[in-house]
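Quick heads-up: structures coming right below.
Presented sequentially are two complexes of chain A, the first with chain B as partner and the second with chain C.
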Partner chain A sequence: MNILGISAHYHDSAAALIADGVPVCAVQEERLSRHKGDAGFPLLAIETCLQQAGIEREALDAVVFYERPMLKFDRVLTCTLRAFPESWRTFPKAMKNLLGEKAWMRGIISSHLGVPARKVLFTEHHQSHAATAFLTAPTRRAAIMTADAVGEWATFSVGEGERGSNGTTKIRRFREIRFPHSLGMLYSTFTAYLGFKVNEDEYKVMGLAGYGQPTLVEQVRKLIRRTPDGAFALDLDYFEFHTTAERSYSLRFVELFGPPRNPYEPIDLDTAEGQRFADCAASVQRVLEDTLVDLAQTLHQETGLTDLCLGGGVALNGVANVRLLAESGFERIFVPPAPGDAGCAIGAALYCDRIHFGNPDRDLPDHPFWGPSVDGSELARIAQEDGHHIEKLSENVLIDQIAGDLAAGRIVGWMEGALEFGPRALGHRSILTAPHTTKMRDRLNREIKYREPFRPFAPVVPVEAAERYFDIPPGGTRLARFMSGVFPVRPEWKPQLQAITHVDGTARVQVLEPGMAPRLHALLEAYGRRTGIPVLLNTSFNLAGEPIVNRAVEGYSTFLRSKIDILVAGGTRVTKRTSAMDKTEAGRMKEEVA
Partner chain B sequence: MDLPRPHERPTAFDRMLTPVHRWIWSDTDRRVQKLLRFGETETDGGRDILRAAEVTSDPLLRRLYLEHAIDEFRHGVLFRHRAAELLRASQTGSNTGFQGDWLAPGGHGLDDLQVDGESDQNMLAFLHLSEKAAASRFSVYRDVMQHDLPTRAIFEEILHDETFHMNYTLTQLARVEPRLHKRHLWRARLSRLWKSYLRLATGIAAVLGSILLTIQYFVLLPPFAWLAKRAARREHFGWTKVAPGRNDSLDRQY
Partner chain C sequence: MIKTGGKTRRGLIVFGSTFGSIAQLARGLWQSDSDKRWLTPLAVFLCVTGLLLIVGTAVEALAPFIYSIW
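Up next is the complex of A and B:
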């Protein structure tokens, strides 16, 4: 049975294909269209899925959309009516937006794919999140908690999932909290207030929080209060996101926290203003963590289960995840590699397969590599055409040579195998460097990633060596599998791991099992043999504002535009020709014009 | 002052609009908003051209496109930095006010161009005309920017690059399509015209749609708004139970 899952039209569209109960392909549209956060209908992703599975559209048994569009329309319309007459500017925009396309998903999917309308199905948004979290996790029975900004009406839900011994699967959601009361929207409001992009830059708030003190917790608590039944509710006087699309926070919010940050001004942490912003970030982070821990504790007591599956965009908050592991009572926490909306494509398809069609449960490969594969020969061809130095090396020689490059302080663009599904680069499309000095971190920030200096870089370490360098509690290795947890760097290793140690002494570590990415694991071991420390800095292979690279040619163009020293795809290693671009026709023409 | 090079002379249409541009650029807030928008347009254009570099099979074009894309990204940074400087100097923050942006941005004329599916010939023709149009417009902006020399210097620098972009796109078009390159240019001109019409038409439709919906909002919605507000007052805070069976059917869109 072939089931296609689609997530689209909010941010980060994606498609995933399940064939006979197992994912064959899952990919975000942005990785193919090359438009970051592409929210359009994911035609390219769908084509890629079908191509990778080797099937035609007619062979699809069902196409599942990750949310119920009319329920979403109901929420938008209701909220607009409730905000009458202040919503007069929002109303035309919202109606044009929804009625233009988003409300008619059955027809749109049917016409785009040429499948009969009866084959188009819909799951609820948080149902999809829950399915992604539970059905991709290696656990038989677990509590499920999902939290994001908003789906149709739900913003937060709790429940449980169970895989029966007879192959049946159940996911039961007990209860939910509804819009506009939303932890995700609370965090996003601070993201906007701090001058970052909503739905995209929330992780910057988490990074900035490390530089601040939670001195404004009491103020943040004025925005969110706990209800008698143990849920939470926002004080809507401080927000505007429910009445207008133009601004998330109200004047009262500004009176409480001071003027918002100008997004075009850098944050200077040496000034009182910069420190205020960092304190705001630290405070909302603390309140988010406290709330999540409390809700998870209740869920743990209620279910008595040891495992928790976390879904929704809030599950990308690695600091909160580690506090949940430490304080909620759950022994293991599972966060999928794509807990956000893109991941819902896979969740919706799995839900349809296991629960709607009642197909027997199957264990799924526990990795994030579901996208297209990279072609080393493509890199060799184009680099050769441009006159760069190419080597095609055997596995062992390549690993040894790259380990040598890294030990010599070179920056390596590393592409191998299938593309990761989800926002993290987990070793198949990564920029790797030595993690030892702040000089390297600054070089990466200045010459390659062009990003704010307060944002930390992540390390990757083999599972065998992880606890030597990082203080990982029981259960933490699982969180660190997909970089979903932030753990302290052991004090004795901080001087040798400066580039990946955040200001608060932590790191968002990826703990790598050999089976998940054998080649990267071998590289870490080889690097360890040379330097004594088998840890590398692993950051996503992209430049600021661009999606993570997919094909070799995209890695190559990124390599040429930045100061990455070495590019690897498959068995091909490329080094830049000195002053390569000076010799091009462009250089000559420019000189003539000048 | 140096005489403008041939490609830096504005078209008659742009010259006619000079007083309008002078008025727009005279105000700091409007200048900031324009520069920020240009910053986005240049960066978006850069991404499209970068994509063209990634998909072309012609090695020389790949290198030229890459060079071009790097220029566009740099222009985006120049515009953004200048806007930030003006914002800092104005101390008041920017009041967006009238934007005149109800038309979809034209940018490099690439907004509707599916770079992945375009031939090198089409891409080069599009780029040539887009750069030419941008150079004409930017030369007007440079000329009306007598009161703001740093911004003027940015336009001057960008114009220099645009001349290179115009030259290489035309030369390369003649190389890859020696016989029919003029036909490609004409097709690109017609395509730009068609896209301009579409932008105008969708812009007008959007404005009309907004007017009609706003009228509906005030005429038809008040009783429903009253009902919705009343229902909201009755709504309880906190948990809402998910009824068993609520999600049993995947056929429903609601």
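Up next is the complex of A and C:
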């Protein structure tokens, strides 16, 4: 049975194909269209899925959309009418937006793909999140918690999933919290207030929080109160997201926290104003964590289960995930590689397969590599045309040579195998460098990534060595599998791991098992043999404002436009005709690494 | 390569599928626990307006007549 899942029209469109109960392909549209956060109908992603499975669209048994558009229309209509007259400007725009296209997904899918309308099915948004979190996790029975900005009505849900020994699958929802009361919207409102892009830059708020103190927690608690039934409610006097699309926070919010940040001015943490913004970030982060921990503790007491599956965009908050692991009572926490809306494509398809059609449960491969594969020979061909130095190397020689490059302070663009599904680069489309000095971090920021200086870089470490360098609690290795947790760097290693240690002494570490990405694991071991520390800085292979690269040609283009020194795809190693780094600088970096 | 049909053809397929969606919405509102029956006529009216927009977009020859309503 071939089931296509689609997530589209709000942010980060994606498609995923399930064949006989197992994912064959899952890819975000942005990686193919090259428009970051592409929200359009994911025709390219669908096409890639069909190609990868080797089937025509006629062979699709069902196409599942990840939410119910008419339920969403119900919410938008109800909320705008409820907020009348403040919402009078928003109302026509919202109606045009929904009724002009988004409400008619059955017809749109049917018309684009040529499948009969009866084959188009729908799941609820938080059902899709729950399915992504539970059905992709290696657990038989678990509590499920989903939290995001908003789906149709739900913004938060708790429930339970069970994969029976007879092949049946059950996902039960105990209760949900409905719009406008939303943890995701609370965090997004601060994202907007701090001058970042909503639905895209929430991770910057988490990074900025490390520089601040939670001195404004009491003020943030005025915005969100706990209700007697154990849920939470926002004080809507402080918000405007439910009445207008133009601004998330109200004047009362500004009176409480002070003037918002101008997005065009950098945050100077040496000034009182910059510190106030960092304190705001730290305070909302603390309140979010406290609320999630409390809700998860209740769920743990209610279910008595040891495993928790987390879904929704809020599950990308690695700091909160680690507090959940430490304080909620759950022993293991599973966060999928794509817990956000893109991941719903795979969740919707799996939900439909297991629950709607009642197909037997299957164990799924526990990795994020569901996209198109990179072709090393394509890289060799295009780089040769431009006269760059190309080497086609055997596996062992390549690993040894790249380890040498990294130890010499070179920056390596690393492409291998299938593209990751989800926002993190987990070793198949990564920029790798030595993690030892702040100079390397600054060089990456200055010459390649152009990121805000307060944002940390992440490390990757083999599972065997992880606890030597990082303070990872029991269960933490699982969170770190897909970079979903932030853990302290052990104090004795901080001087040797400056480039990946955040200001608060933590790192969003990826703990790599050899089976997940064998070549990267071998590279880490080879690098460890050379330098004594098998840890590399691993950041996504893209430039600022661009999606992560997919094909060899995109990696090559990024390589040319930045100061990446070496590019690897498959067994092909490319060096720039004129290296970006002169010999003296390379020598100095080599000394620093040594 | 997925070959999608022409704009008009696609518009007509979308148009054809809308009646089921509207009926589903109306049924949901009418049967809702939260006493939203009063919303049903407004929702249906808005949906029909949306239908006209779809027809206007799909069949360009009809667009001036449809937009003249407003």
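The working rule: the second predicted complex is superposed on the first by the 578 of 594 C-alpha atoms of A that agree within 3 Å, B and C clash if a C-alpha of one lies under 4 Å from a C-alpha of the other, contacts with A are read in each partner's own complex, and residues count from 1 in each chain.
Everything that follows uses one rule, which is that contacts are C-beta pairs under 8 Å (C-beta built on N, C-alpha and C of every residue); 3 or more make two chains touch, one makes a residue touch a chain.
Since the structure is predicted, the reported quantities are computational estimates derived from the model, not experimental observations.
Asks: Given the alignment on chain A, is it a clash or a fit between chain B and chain C?
Replies: Aligned through their shared chain, the two binders fit side by side on chain A.
Asks: May I ask you to decide whether A:356 touches chain B, chain C, both, or neither, giving the answer as first, second, both or neither?
Replies: Touch status of A:356: first partner only.
Asks: Classify the contacts of A:92 with the two partner chains as first (chain B alone), second (chain C alone), both, or neither.
Replies: In the superposition, A:92 touches chain B alone.
Asks: Can A:235 be said to touch chain B (first), chain C (second), both, or neither?
Replies: A:235: touches no partner chain.
Asks: Go through the superposed model and pick first if A:467 touches only chain B, second if only chain C, both, or neither.
Replies: Once the two structures are laid over each other on A, A:467 reaches no partner at all.
Asks: Chain A residues in contact: does chain B have more, or chain C?
Replies: Touching more residues of chain A than the other partner does is B.
Asks: Quick check on the superposed pair: does A:106 touch chain B, chain C, both, or neither? Answer first, second, both or neither.
Replies: A:106 sits against chain B and chain C alike.
Asks: Using the superposed model, determine the angle chain B, chain A, chain C defined by their C-alpha centres, to the nearest 10 degrees.
Replies: Placing chain A at the corner, the angle measures out to 60 degrees.
Asks: Going by the contact rule set out at the top, does A:46 touch chain B (first), chain C (second), both, or neither?
Replies: In the superposition, A:46 contacts chain C only.
Asks: Would you sort A:70 into first (chain B), second (chain C), both or neither based on which partner it touches?
Replies: both
Asks: Have a look at where A:386 lands relative to chain B and chain C in the superposition and call it first, second, both or neither.
Replies: first
Asks: After the superposition on A, what does A:173 contact: first (chain B), second (chain C), both or neither?
Replies: first
Asks: Once both complexes sit on top of each other, what is the least C-alpha distance from chain B to chain C, rounded to whole angstrom?
Replies: 5
Asks: Once the two structures are superposed, pull the chain A residues common to the chain B and chain C interfaces.
Replies: In the superposed arrangement, which is not itself an observed complex, chain A uses residues 69-71, 74, 78, 81, 95-96, 106 for both chain B and chain C.
Asks: Of all residues in chain C, which touch chain A in the complex?
Replies: Checking each residue of chain C against chain A gives 1-2, 4-5, 9-11, 13-18, 20-21, 24-25, 28-29, 36, 39, 42-43, 46-47, 49-50, 53-54, 57.
Asks: Going by the contact rule at the top, pick out the chain B residues touching chain A in the complex.
Replies: Touching chain A from chain B are residues 36, 43, 47, 50-51, 53-55, 59-60, 62-64, 66-70, 80, 83-84, 87-88, 93, 160, 163-164, 167-168, 171, 206, 209-210, 213-214, 217-218, 221-222, 224-225, 227-229, 232, 237-242, 244, 247, 250-254.
Asks: Going by the contact rule set out above, which residues of chain A touch chain C in the complex?
Replies: These residues of chain A touch chain C: 43, 46-47, 50, 57, 69-71, 73-74, 77-78, 81, 95-96, 98-100, 103-104, 106-108, 110-114, 117.
Asks: For chain A, which residues count as touching chain B in their complex?
Replies: Per the stated touch rule, the residues are 34-35, 64, 68-71, 74, 78, 81-82, 84-85, 88, 91-93, 95-96, 105-106, 118, 121-124, 127, 157, 159, 172-178, 181, 227-233, 262, 264-265, 352, 356, 382, 385-386, 545-546, 551, 553-554, 556-557, 560-561, 581, 584-587, 589-590, 593-594.
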